Every structure is written in C-alpha cells, then in structure tokens.
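Take a look at the structure set out below.
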Amino acid sequence: MAEKGPITSPLADAERDITAKSLQATLVDLVDLHLVAKQAHWNVVGSDFRSVHLHLDELVSSAREFADSVAERAAAIGAAPDARAGTVAESSGVPEFESGWRQDRDVIEAIVEILGRLIRRLRARIDETDKTDLVTQDLLISVAAKLEEAHWMWQAKLSGS
Amino acid sequence: MAEKGPITSPLADAERDITAKSLQATLVDLVDLHLVAKQAHWNVVGSDFRSVHLHLDELVSSAREFADSVAERAAAIGAAPDARAGTVAESSGVPEFESGWRQDRDVIEAIVEILGRLIRRLRARIDETDKTDLVTQDLLISVAAKLEEAHWMWQAKLSGS
Amino acid sequence: MAEKGPITSPLADAERDITAKSLQATLVDLVDLHLVAKQAHWNVVGSDFRSVHLHLDELVSSAREFADSVAERAAAIGAAPDARAGTVAESSGVPEFESGWRQDRDVIEAIVEILGRLIRRLRARIDETDKTDLVTQDLLISVAAKLEEAHWMWQAKLSGS
Amino acid sequence: MAEKGPITSPLADAERDITAKSLQATLVDLVDLHLVAKQAHWNVVGSDFRSVHLHLDELVSSAREFADSVAERAAAIGAAPDARAGTVAESSGVPEFESGWRQDRDVIEAIVEILGRLIRRLRARIDETDKTDLVTQDLLISVAAKLEEAHWMWQAKLSGS
Amino acid sequence: MAEKGPITSPLADAERDITAKSLQATLVDLVDLHLVAKQAHWNVVGSDFRSVHLHLDELVSSAREFADSVAERAAAIGAAPDARAGTVAESSGVPEFESGWRQDRDVIEAIVEILGRLIRRLRARIDETDKTDLVTQDLLISVAAKLEEAHWMWQAKLSGS
Amino acid sequence: MAEKGPITSPLADAERDITAKSLQATLVDLVDLHLVAKQAHWNVVGSDFRSVHLHLDELVSSAREFADSVAERAAAIGAAPDARAGTVAESSGVPEFESGWRQDRDVIEAIVEILGRLIRRLRARIDETDKTDLVTQDLLISVAAKLEEAHWMWQAKLSGS
Amino acid sequence: MAEKGPITSPLADAERDITAKSLQATLVDLVDLHLVAKQAHWNVVGSDFRSVHLHLDELVSSAREFADSVAERAAAIGAAPDARAGTVAESSGVPEFESGWRQDRDVIEAIVEILGRLIRRLRARIDETDKTDLVTQDLLISVAAKLEEAHWMWQAKLSGS
Amino acid sequence: MAEKGPITSPLADAERDITAKSLQATLVDLVDLHLVAKQAHWNVVGSDFRSVHLHLDELVSSAREFADSVAERAAAIGAAPDARAGTVAESSGVPEFESGWRQDRDVIEAIVEILGRLIRRLRARIDETDKTDLVTQDLLISVAAKLEEAHWMWQAKLSGS
Amino acid sequence: MAEKGPITSPLADAERDITAKSLQATLVDLVDLHLVAKQAHWNVVGSDFRSVHLHLDELVSSAREFADSVAERAAAIGAAPDARAGTVAESSGVPEFESGWRQDRDVIEAIVEILGRLIRRLRARIDETDKTDLVTQDLLISVAAKLEEAHWMWQAKLSGS
Amino acid sequence: MAEKGPITSPLADAERDITAKSLQATLVDLVDLHLVAKQAHWNVVGSDFRSVHLHLDELVSSAREFADSVAERAAAIGAAPDARAGTVAESSGVPEFESGWRQDRDVIEAIVEILGRLIRRLRARIDETDKTDLVTQDLLISVAAKLEEAHWMWQAKLSGS
Amino acid sequence: MAEKGPITSPLADAERDITAKSLQATLVDLVDLHLVAKQAHWNVVGSDFRSVHLHLDELVSSAREFADSVAERAAAIGAAPDARAGTVAESSGVPEFESGWRQDRDVIEAIVEILGRLIRRLRARIDETDKTDLVTQDLLISVAAKLEEAHWMWQAKLSGS
Amino acid sequence: MAEKGPITSPLADAERDITAKSLQATLVDLVDLHLVAKQAHWNVVGSDFRSVHLHLDELVSSAREFADSVAERAAAIGAAPDARAGTVAESSGVPEFESGWRQDRDVIEAIVEILGRLIRRLRARIDETDKTDLVTQDLLISVAAKLEEAHWMWQAKLSGS
C-alpha cells in the first residue's frame, strides 16, 4: 500500500509508511467487521432475533462509515488503500465466524469477542501514530470510541442471562 | 447453504435447493461488486476523478441494497446465506481487480467488463428460477434491470473518447 | 364481487372473474391479518413485550398497504372489492386468534402459523393468475415476497428458546 | 374485556369496569368505521369520485389513530381490548353498508348517517366516564371533537345540491 | 431505434429488435400522454375544474416517470430511443385532443378513451416481450398496472352523473 | 414557590396557592423520574439490555417534556418553579434507586414500582385542581395518561417470564 | 350566528346557542389579536426590535391556529361563524391599539394588557360551557393555556427594567 | 401612513408618499381578502364543499404572505403600515360578503368578483409606482401575477356548469 | 390561442392578443426544449456522458417549470395555451436535433446553439410585452435569466478543449 | 471585467460593458458586506450580543446568496467577475469597519451606515441598467429590496433607546 | 463508580480508575449544569427575558448531550456512572443558584461564573487523562471546547452594558 | 488580535498569545481560500467546467465552516479575530490567483498548489498549539484532515491526463 504514487503526502516518507500501515490494517478490520455483522444479521435465530438483527445493522453502518474515512485518509497521505475480498480474507484480524444459522446468544458472544480483539489492535495503532500523524491518530481515536461503546453494549447483553 | 434449518420453506425441497443456489451465487457476486466498486472509488485517479468517484458510490449503494434483499430472500426460503470475506474471495464471479492507484479510463473499462459478466450469470439464474420460485425470479429481474442500466451508463462513457 | 359494473375491464370476462376471485380472497386475508396483528399488538404480555409489540406494527403496515393495492387492483379490473367486517369475519383464511392477554411466545407461534397458512393460499392464486392477468400476478408475487420475509423473521424468533 | 389480568389498574374495580366497557364499545365503533370508510373509498363512483375518495382516506386515518389510542387506554387501565373481525361484526354500532359500486351521493349520505350515530353513542360514554376516569373522558372528548368536525364537513356536502 | 450502436445488448439480435420496437412505441405513447394531460390541465374549465386540474398532474407525473424508465431501458438493451416532438406527433397512439378551452366532462371522457387505447396497445407488447426480455416485460407490466389504475379512477368519475 | 412575584396570576390567591403546590410537586417527581430513567439507561445489563436501554430513553423524553410544561404552567400562574438538584433530592416522591450495574429484570421492576407511585400521587392532584384551575388539571390529566400508558407497557414485560 | 342552518347540531338547542355565543366571541377576540399582533410586528421600533418582532409572530401563529379551530368548532355544532373585518371591528374585546411607529416598551405593555383582558373573558366562557358542551370547553381550555403562557412571557419582559 | 418617522427612506419625499399610499391601500385589500376567504372557508356548503374549502385556504395563504411583504416594504421606505380591524373595515376595496352559510356556487361567484375588483385596483397602482419606486412596483407585479392566476382558476370553475 | 373564451382578461383586447402570442410562442419553445433535452439525456455517449446526462436533466426541470408558468399565465389573461405534440412539431423555434446515439461534444454544441436561438427569440418578446403586460414581461425576464445562465454554463464547457 | 472572453453575450457590446460594470461593482460591495458582517458577528459584545450576533448571520446569508447571483449574471453576459481579496479591499464601497471588540450599539450604527451607503450606490445602478439589460436590472432590484428591508430592521433597533 | 463489574475495560486497572473518576465528576457537573440552566430558563425575568430564555435552552441541550456521552464512555470503560439527584446534589461543582424569580442580568452573571468554574475543573481532568486514556481525553476536549464557546457568548452579554 | 479585552481567557497569557496567533493566521488563510475558490467557481471554463464548478463549491463550504469555528475559538480564548478584506489581502498565505476566465486544468493546478501551501502552514501551527491549548489543536487537526482530503481529491484529477 505504501508504494510511490500520484498523490503527494503531507508526511515525510518514514512517517507516511508507518501511518499507511496502520490505516491499511484498520481498513481491513473494519471491512471484515461489516461483512461479519451482515452475515450475522442474516443468519441469527432465537427469541432475541429482532433485537439482535436490528442492533447488528447499526454496527454495519458504523463499520462502513469508518472504513470510508480510513480509506480516504490513506489516500490523503498518498497511500493506495486495498480492501478487496481477497485482501480482506487474508489479512483481517477478525476471528473466523462460522457459517449457517446461528443462535442469538452465540452471535452476541462472537460479536463481543470480535470487538474486543479489534479494539486491542486499534489501541496499538493509536500509540504508533502518535509520533507519525496526529490527524490519523485523531481518526483512529474516534473509531476506538465507537467500537468501545459498541463493546459495552454487546457485553451488557451477556450479563446474568 | 441448502442444509436443513430452523426456517421452513414455502417451496418443495428440490425447488428450494435450486433457488437457494441461485440466490447464494447472486449474493456473492453483489457483495464482491460492492467491494470492488469501493476499491475503485478510493483508488481512481485522472481528469475524470470526481465524476467516476461519485458514480461508483451509486453502484455501491445499489449493490448493497440488492445484496440485502437477496440474502433475506434466501433466509425467507429457509436457506442460510453466506457472504463472509473468505466465501466471497473464493466463489465470486467478479474478475480480479488490480490493486493500487488506477487511471480513470482503466476503471471504467473494468467496471464495464465486470457488469457484463455479472449480467450474463444473472440472466442464466432468471431462467433457472422460472420453474422453481417466481418470487425469487421477480427479485433477480429487478437486479438485472438495475445492473443493465448501470452497464449502459458505464459503456456510454467509453464511446468515442 | 364479479358482477357487471360501471368500470370496464382490460380483461376478457372469464379471466376477469378468476382474477377477481383471487383478489377478493387475498383482500379478505390481508384485512384480517391486520386486525389480528393489531389485536396481538395490544394484548401481548411477557418479557419480549416491547420487541413483539413493535414488530407487529410493521406487519400491520404491510398488511394495510397491500390490502389497499389489492382492492384497487380489483376495482381497476372492474370488480367491486368487499372488505366489510362481516365479509371478513365469514370468509377469511386466518385461523381463530383467542381474545384476552396473550403471552409473547404464544403470539409469535400464532403469527407464524397464520403467515404460513396465508402464504400457501396466496401461492395457489399466483398460479391461477398466471394465465388470466400478469399485472395481478405481479402484485400477488410482491405480497408473497413480503409475507415470506415476515414468516422467516417470526420463525427466527422461535428457534432454540 | 374486564377480566382480571396481568396489568394492574389505576382505577378501583367498579370504575375500571364501567370505563373498560366504554372504551371497548368505542374501539369496535372506530375499527368498523375505518373498515366501512375504506370500503367506500374503493367502491365509490360518480362525478365527485376523486374528492370523496380522498376525503374518505382522511376519515380512515383518524379512525385508525383513535382506535389505537382507545385500545391502548383500555390496556393501560388493565382491560384487554378486543377488535377481532368477529367481535367487530357482532357488536359494532355502525349501520350496514351495502356492498358493490356506490354512487358518490349515496356514500356521502351513508357517512353522514354513520357519523351521526357514532357521535350519539360516544356522547353517552363521555357522560358515563365523567365519574369513573377523567383520563379516559379526555380521550373520548377528543374523539368526539374529531368525529363532529367530520360530521360537519360531510353534511356540508349535502347542502342544496 | 434498433440500429447498431456503441452500447452492447444483453439480448440476442432478434430479441433485442422486437423488444426495442415495443419500448420505442411505449415511449412515444407515454410522452404524448403527458403532453395531452398537460394540455388538458391548462385548458379545462367547468365546476369540476380544480379536481380535474390536480388529478391530471398526477397523470403527468406518472407518464413522465415511466417515459424515463422506458427510454433508459431501451438504451440499456443497446437501442437509441427517440421522443422528439416530430416523432411523437407522427407515431403516437394517442387520439387527437382538440385545442382551446375544454369542458371538464369532455376532458374526463377524452382521458378515459386515451387510457383505454394505450392500455390495449400496451397489453399486446407485454405478450410480445414475454419471449424476448423478461426485464422489459416486468417494466411494461408496471406501466400497465398504473395506467389501468388511472383508467378505473377516471371512469369512476363518469358514472351516473 | 407561591411567594408574590412579578408575574400576575389569572387565579385568585387561594386557588393559585393550591394549584402551585400541585405543580411544584409534579415538577419534582418528573425531574427525578427522568434522572432515574437516565441512570437506569446507563447502568442496565442483561440479555434484554438493548430493549430496556431504548425503552428508558422514551421515558426520559416524556418526563423532560412534561417537566417543561408543568414548570411553565407554574410560571404562567405566577409561581416560581424550583427543580434544582437539592430540591429534587429532598422532596421527590420517587423511591431510592440503587447505584451500580443493575440487572434488566430489576430495572423493569423498579420502573414499574416508581411509575405506580407517581401515578397515585398525580391522581390526588388531579382531584385537587378540579376546583382551583381547569387548565392545570387538563395538563395533569395528560401527564397521567402518558405515565399510565408507560406503566402498562413496563408491567407487560413482567408477565409470565 | 345561531340561526337554523344546513348543519345539524350534536347539542340540544339551548346548549347550542350558549356554546355558539362563546365560540363566536372567542373567534372575534382571536382574529383581532392576530391583526393587532401583526400591526405591532410591523410598527415596533427600539433597541429590542428584533426580539419583539419575532416574538409577536409566534403570537400571530397561535392566534391564527386557534381562530381556525374555534370557527370550525362553531360550524361543527351547526352555527355559522363570522369573522369579517366589520364584525371584528365592532365586537372585539381587544382594546384600541394606536397606529404609527411604536416604541418596543409600549408594545410590550399593550400586549400584556390585551392578553390579560382576553384571558378574563375566556375564563368566563370556560365556566359557561361546562354545562353546555365539554368538547367546546376542552378547546377553550387549550386556548387559555396558550394565552396564559404568552401572558407570563410578555410580563416577564417588563420586570425590573 | 406617510408621516415622518424613525426610519429613513431610500426615496425622495414625493416618491415616498405616492408609493406609501399604494402600499397602504394594497395592504388593506390583501388583509381583507384573507379575512373574507377565511369567512368563506368556514361557511361554504354544497356538493363542492371540500374542493372550495381547500382552494380557499390557498388564497388565504397567498393573501397573508403578500400582506406581510407589502407591509414590510412600507416600513422599509419609512412609512408605518396600518392594518387594524377598524382601518380594514373602513378603507378596504373588497365588496361586502354576506354572513351565514353560503352555497358553494355563490361563494365562487363572490370570489371571482372580489378578485376582479382587487386586480383592477392593483394595476392602477403598478402604473403609479413605475415612476416612484421600481422595487415596490416589482412587488406589486408579483401580487398581480398571483391574483390573476387565482382569478383564472376561480373563473374556470364557473364555466358551463 | 387568442379566441374569446370563458376566462375574462385583465388586459384590453389588443394588449391581450400581443401578449398571448408571445406567451404561446414561448410555451412551444420551452416544451420543445425539454423534449430535446430529454432526447439528448438518453442518447448521449462519450467520456463526458455522466456529467452531460445529469446536466441535461437540470435543463429539463427548468424548461418544464417555466412551460407551466407560461401556460398558466396565458390562461390567466384569457388565452387558451396549446402545447400538443403536433403544435410543437410545427411551430417550435428549436432547430432539428438528429436522432440516434450522439457524441457528448456534439450534444454540448447543439445545446449551446439551441439556447442561443431561444434567447434571441425571447428577448424580442420581452420588448414587445413592455407595452402590453408588465406581469408577463416579468415572467419572460425570469425565463431569460435562467436560459442565459444555462447558456453560459454550456458554453463554458466548450472552451479550449 | 469586460474583456473579450469565451462566453458570448446576449447583449450588444456597449450594453454589455455598462451592465458588466454595474454587476462587478455590486459584487464587490456584497462580498465586502458579508466579510464585515462576519467580522461584526465575531467581535460584537454588549447586552444585546445574542440578538445582534444572530441577526448579522442573516445578513451574511443574504449577501453571500446575492453575491453568487450577481457574479453568475456577469458570467452569463460574458464578463469575468472578480471578487478576490485584493480587488475587494481596493474597490469596495463599504466604509472602514474598526477591528477588535465592538460594543453592540456601535455595531448597529455601523451596519445602518453601511447599508444606507450600499443602497444609494445600488439605486444608481438600477437606473443605469434600465436601458442596457432588464434581466440584470431585475436582479439588482431584488438585491435592493432585500438590503432596504434590512436597513429598516437595523434602523428600527436604534429608535429611542 | 470504579467497582468491578460485568463490563470488561479496554484499560488497565489503574488507568481505568483515574479515568473513571474524571468521567464521574464531569458527569455530575454536566447534569447539574443542565438542572440549573433549566431552573434559570423558567425563572428569569427582565427586559432580556426572551433572549436569555432561549439561549439557556441551548446550554441545556449541550449539557444533556455531553452528559450522555460522558456517562456512556464511563460504561464503555467498565465503570458504572452515577447521576442520581442525591449524588448530584452532594458532589456537583456548580455553585448554589438561588431559587425564585431572577433578574436577567443576575442570571447572566451566575451562568458566567458557573461556566468559568466548570471549565477550570474540566481542564484539570484533560491533563489527568492524557496519560490514562486518549479516547476519554478527546471527549473531554470536545466538552471543554463547547463550554468555553458558551463562556465567551455569555461573557459578551455583560460587556459595557 | 491578542490585546486585552472583555472576554477572559481559559489560558494563561503566554499560551493565549501563541494560540491566538495560530488561530488568526488560520482564519485569514481559510477566508482567502473561500474567496479564491468562489473566484474560480465563477471563472472556470473548459470541458470539465461542470465537475470543477461543483467541486469548488464544496471547498467553499468547508472553508466557510472552518473559518467560523476558528474565529469563534479565538473569541472563546479572549482574542478578537480579524478577517476584514484588507487584513486578508495583506496577511493571507494563499498565493496570487490570476483574474479573468481560467481554463479548468489551470484551476485544478492552482487549487492543488494553494491547498499544499495551506496544509504546510497549518501543520506547523498544530505543533505550536500542542503545548499551549489542546482544544485549539484539536480544531486545527480537523481542519488539516479536511484540507488534506481535498488535496488528495484535487491531485487525483491531475494524474495522467
């Protein structure tokens, strides 16, 4: 993703490369998150079907919106983003989500696990970009804020039931 | 996708299996179409950048909306849809789209080729579902109508330039 | 419903009569569906109250909208539609729905059963109208698409709980 | 409708029973009003077709909205409402509305008669609830205000023509 | 309209030619319908002026929208549509509409006659396209549904007055 | 709250004082209701998290809106309203709501109890204002209507689960 | 206003006459209030111009809306309302408002006086209609609520400045 | 209206006086037009009730909007506008409109006559302001355009019926 | 178009005839402009397809809106407008636009030429109506303003490319 | 601004030059007005802060909108507009506005003076364009109407305080 | 607030505790700010009533929105927020606000003092969270930005008057 | 800009002065950017006219919105902002933009250059404010994010054409 291209960068080369890597990894995570959330949206069954079905679509919306911002930030610093199906399938940090009908409780647990993992990966990148690009860091912080909010809400559903 | 599940089908088994296969294949094509259209949206460069950049987002919207309808139709006939990144990467009918910055003219040609290919695949499925499920056929016809409209518009851009 | 009236028909007499019967029967089913869904909306109790209460109102909306389209299609082919309370009470295909407070799980099961029955009746009419009026058939197909989608969603709630 | 149920009442038993009876009777009248208004909406013919057709739909909207408020008020005082087709057909105060195409003038006269009758029934209930539940009375007053407004407008159409 | 052009067709040549002819004829009918409806909208007089004036504008909107869909469908199958004033004047199926102020009753009768004629022509094309292009047929069916609905409504105004 | 002030009252002194006391007490109850509902909104956990979380926000909205109307009615009769934190903490009729994470079922039971208590207090004030100010009474009736509706809905969730 | 007319009344004759008189007097007051408020809106000057200019338009809106409701209520009980300029000029309860440019403080004082007077007149009519028509009384109560709210706000501006 | 005031004029004194007179007369006409149109809106009866009732409200809206623009134009040229009930009753150019219930046909004829008269008065003022203030003339032209459009529409209703 | 009709004119006969001729000619030009712009919208091809395709639809909207205003102005001065296909084909001032697919550059040049010609015709009519009807002149000025703005924008596209 | 360019003019050369000069001068005045109004919006202090702060933003909006119309009109007559900071600073007719915090009363006086001056300049241009371009004159008249309305409102604030 | 709970934290224990304390204190400040701003909104009197009354409601909105974000951020890091009336009354940083009618100038001074104090407390927390949680810090920065903007605007009203 | 004023600062003097200088310089850059973007919007010609014309208006919107935020941030820290035409002309960092018609390619290159330069200046200020005011830094980061996004998009248009 960090090859020389037609878009100049407001960053020096080294900073651009580190920042670009953080953005590319975040982009793949977010695109995969939205694919898995949609998958769950269609395949969930159980007494909590409607609530989970609707809640997942909010996650899809957030993931799509942030994926767009992250990819366009990559372009803005002169690095071509890559979120093709193959790239996502290979390099995503989202754990395997089993196919077929899925019980509501299983879906909630899977989403909690996925969000926890993506948040940990994201926090590391927030540290990395502190020295390379504050604009990118600011964007990653807002992604983290949203994912951590979602993490709380999905966890809250697991309590005591 | 056609395994026995918690959702009963309004169709007999044989009809359900054929219909489910058509829907699953269309779902994968549409999800990949939207991933590639987003990829192009971010990576296009050239004097026609803005027009192509905006036009691609309309394709993304159509693809997303129809993917949702198609997946939910599969669920409605008792077949669990699958549009995870890995499944898409393996079974999509969308030809390879090269990574990195792409010149506007190249992008237009690629989109024209992709749409042409998806339309041919889709028309075959419209024939297949004529005997198995008119409701599904009706949905696939509306997908074809939209893709063929898009195909005309993207082709129109190639003429004489 | 098929008596001679002030509205000419675009169909020949025989085709008009068969089509009109399909439309009249569908109209009664849809009006009764909306009355029962409202009844359930007001009388449901249980821990899933809010989700079921809201979900039923979407069914009410769909049933009302399609009842209107179906009745106006009957008028358009020159047949006066009839959906008065007495007619609905006598000729509806919707099974009896018990009065009084109803537990959420019971309501879901009742809705699943009602939808399953209406879909079977509707699919027979789609076949009948294939030879008499493609415009009416197209409308019935869209009704079926919506009811089958609803059938999936209400069934999904029953799974494994 | 007034059987003991899972919902406690803010009213004493005697007051709750009288209030519940008023609400149940109003509910049935309003649901039948909306069924008849829809019936007329579809079957009216004559030079005033469009005006009557549109005007009836406003009556349908009001009747639906108030039916909802009335049924939910019944629930709120601990009485399960009943507006199933059979119940409506049996206990409604709306006079018989003939099936088939109806001339515009006939429709207007029928609506004027129906509204006049429902208003008389409603005013008696406003008096009854004065001692049992002011919240319910307030709701019935707003129903009367709307029906009397409609009564004026439909009567105005009959004058001198 | 069916000459070779820069837009490839998803149909074989013979099917494309038949389909294109149906679309071109429908396009001309719809464009002329909207011109005549506007003409009537401006020239109608009589006690029913306002109702007819407003009702005609809904016909204008439908005709414009469908004309657009039909023309773009022609383009999508590789046939250049033609709806210039001269072409419309020569090949339209809409009967002559007299110029000058027109009494409301005359306008209604003229619209009823025009719609009846266009519907008959359209139904023939729905049959023709059954074998050549289901996507086009689906579009023509939706045009017929709308025109037949309008036909009912305009006829209803003539009854018994 | 009933001290002499710069705003004249449309009521005589005695009536104003009684009415003002009713309004002030209602104001405090409603402000505390909204604080507790928000508290619950943030601290609820359990499998029904999302549904309860969203439902509570509707209660917050109602409470805020009515608090505003009640306070402004007090001002309109010349009595300065008081809803500062200290005043609310001391004089509210809302029972103690425990801090920390709260299980969904506990929250529902607490809300049902709180609403029941506020309704009882409110109904007494509706009686009191019957002789002092019909405008205020009308406002309190609409508050009661809303709280009793909410009471039904929250109770419905407790049934049989 | 209370002559026999083409609209039947839901009230007995004596009750209708008293109610009609209350409504007619209120109508005239409200129409005159809106004329005076508009007059002030255009002629106010002073450092508080903008605030008073905007605030007056809210009074105009309320007055217009309530005038419409009051007049239509009169019609609904079979009494023809009269709010022609001459009738308003003769029978309005609004005190004379001097023509020409008016200082902001003067305008505020005039509005406070006008509102105070209209409220007193209105409260008497609320008492009168208590025995003749609860629907009308309910409407007059909501007018009083709004005017008394406005009275507070305009008075508040006079305090201590 | 043309007395010296706190607002300076962009016009010389003579021009300001003539322009102010035109604006004041137009203002009174428009305010009276709206009062009469509202009066008719409430008192019309007859088979065309609904159409006339709705059509009149559009006239009310136009009259109100233009009255505001005209009054504010007067203020902008330094002349205090006057549209109090007494002023309107005395100086309006609108012919007397009889009180009580009015048959639809009578109402239409009255409106046609009123509009004809106001248009003639207005055209004279357009000529007068040609030499004194083009900004005012432009406003009066737009008032004339609207009133003449309305005149056509109300006349059209009278033709041949 | 200027024959005696049921609509009286605010203009003297001679002025009405000249004004009516100007309006009729403008109407035909605008209707033909919108037909040609739609024709171009559907048939344009070339690398600038999308931009031209969208830009043409704005021209269609303007032309339709102004055609309506111009026709209704003709009616308002008592002249029956005529914009039927035959009339447009015969009397329009728009030069021939060739059928079939059209290259984007050709379309732009054709639109520039058409607009230039219509503007010249329109400016002559603005002069003519200066003495006959200022209201009509005002309308034609606003048409000219819009067409000249469009002329600039379409010309701007031709520069230096 | 009047140099030969790629955009042809609907005006003869002499008329174009005079008109272009009027438009260019008006453009500069309006752009400067909006810069000064924003400057005041940010720097105003005093007890009337909020009212003045908000009122100024309406002036900013009007100035921006009209600047756009004026500049595009210049382009439409073939003259390139110029509103760069340097041009504005040199040729604007807006008097110097002192920097730093400004008391509310001072701001109001400054705005009144600025508007008075711009109106005088504008009225001269309305006269000039009467013979060169009625379309431009029409635009300048609407600018004057708005500025004179604003002038009244800002003056009204100065009266007697 | 920092007790072990059902929600895992993305932060280590020490960081979570410090961050939670900052969030809890900010939450209480914001909830109290909104209670006091509402109190002032209802009790303000004086010539600036309307401006202050409206301005306070914007402060209420900001305070409510940020309170929600702050409480949900606390939940997201695994700490249960507490904003019950008692907690607010005891631990808020907002100085005492006297009850009863308050003169506008007094209100403005009180708000300025309150905002100044809350800002100082907030800035200290921004420093503290710099080392514990950047996501929280980012949220507190946006709260500070809004409060400091409000502080400027309320101070501006005090200047020189 | 940093002189002592009526607005107290939440920052110490030294920090306030540095921060104020950064904000003032950014304000001037943004105001000039919007003036130049508007200038280009009106003067661009060439085959890409429409796309560039529309794209520039998005830049204008961003520049205006951020200028407002930046100026209000300066006020909030007690420094009076200055963006009068003269100040902008003298101290802006935007390079000279030539007057008259400009070819589309030239415009794109100029915008790319301007954005590049403003971004470099802005990044330096982000560093400076890191130690003086995190709230201001946060705002400047969001400005940089937007300008860098725009920089990418405008550069993308230059590639390979």
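For reference, chains read A, B, C, D, E, F, G, H, I, J, K and L in written order, and residue numbers begin at 1 within each chain.
The working rule: contacts are C-beta pairs under 8 Å (C-beta built on N, C-alpha and C of every residue); 3 or more make two chains touch, one makes a residue touch a chain.
Everything numeric here is computed off the predicted structure, so don't read it as measured data.
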{"item": "Reaching chain K from chain F through chains that touch each other, fewest steps", "value": "1"}
{"item": "Chain A-chain D separation of Cα centroids, rounded to whole Å", "value": "53"}
{"item": "Chain E and chain I, separation of their C-alpha mean positions in angstrom", "value": "23"}
{"item": "Centroid spacing, where centroids are CA-atom means, of chain D and chain G in whole angstrom", "value": "32"}
{"item": "Interface hub residues of chain K, defined as touching at least two other chains", "value": "6-7, 45, 48, 51, 72, 75, 101, 138, 156, 158-160"}
{"item": "Interchain contacts (touch definition) - all pairs", "value": "A-B, A-C, A-F, A-K, A-L, B-C, B-E, B-I, B-L, C-D, C-E, C-F, D-E, D-F, D-G, D-H, E-H, E-I, F-G, F-K, G-H, G-J, G-K, H-I, H-J, I-J, I-L, J-K, J-L, K-L"}
{"item": "Residue ranges of chain B in contact with chain E within the complex", "value": "116, 119-120, 123, 126, 137-138, 141-142, 144-145, 148-149, 151-152, 155-156, 158-160"}
{"item": "Residues of chain E defined as touching chain D within the complex", "value": "48, 51, 55, 153, 156-161"}
{"item": "Complex contact set, residues of chain F against chain A", "value": "44-51, 53, 101, 103-104"}
{"item": "Chain G to chain D touching residues, read off their complex", "value": "6-8, 10, 72-73, 75-78, 134-135, 138-139"}
{"item": "Chain K residues touching chain F - in the complex, by the definition given at the top", "value": "3, 5-7, 31-32, 35-36, 38-39, 42-43, 45, 67-68, 71-72, 74-75, 80-89, 92, 97, 99-101"}
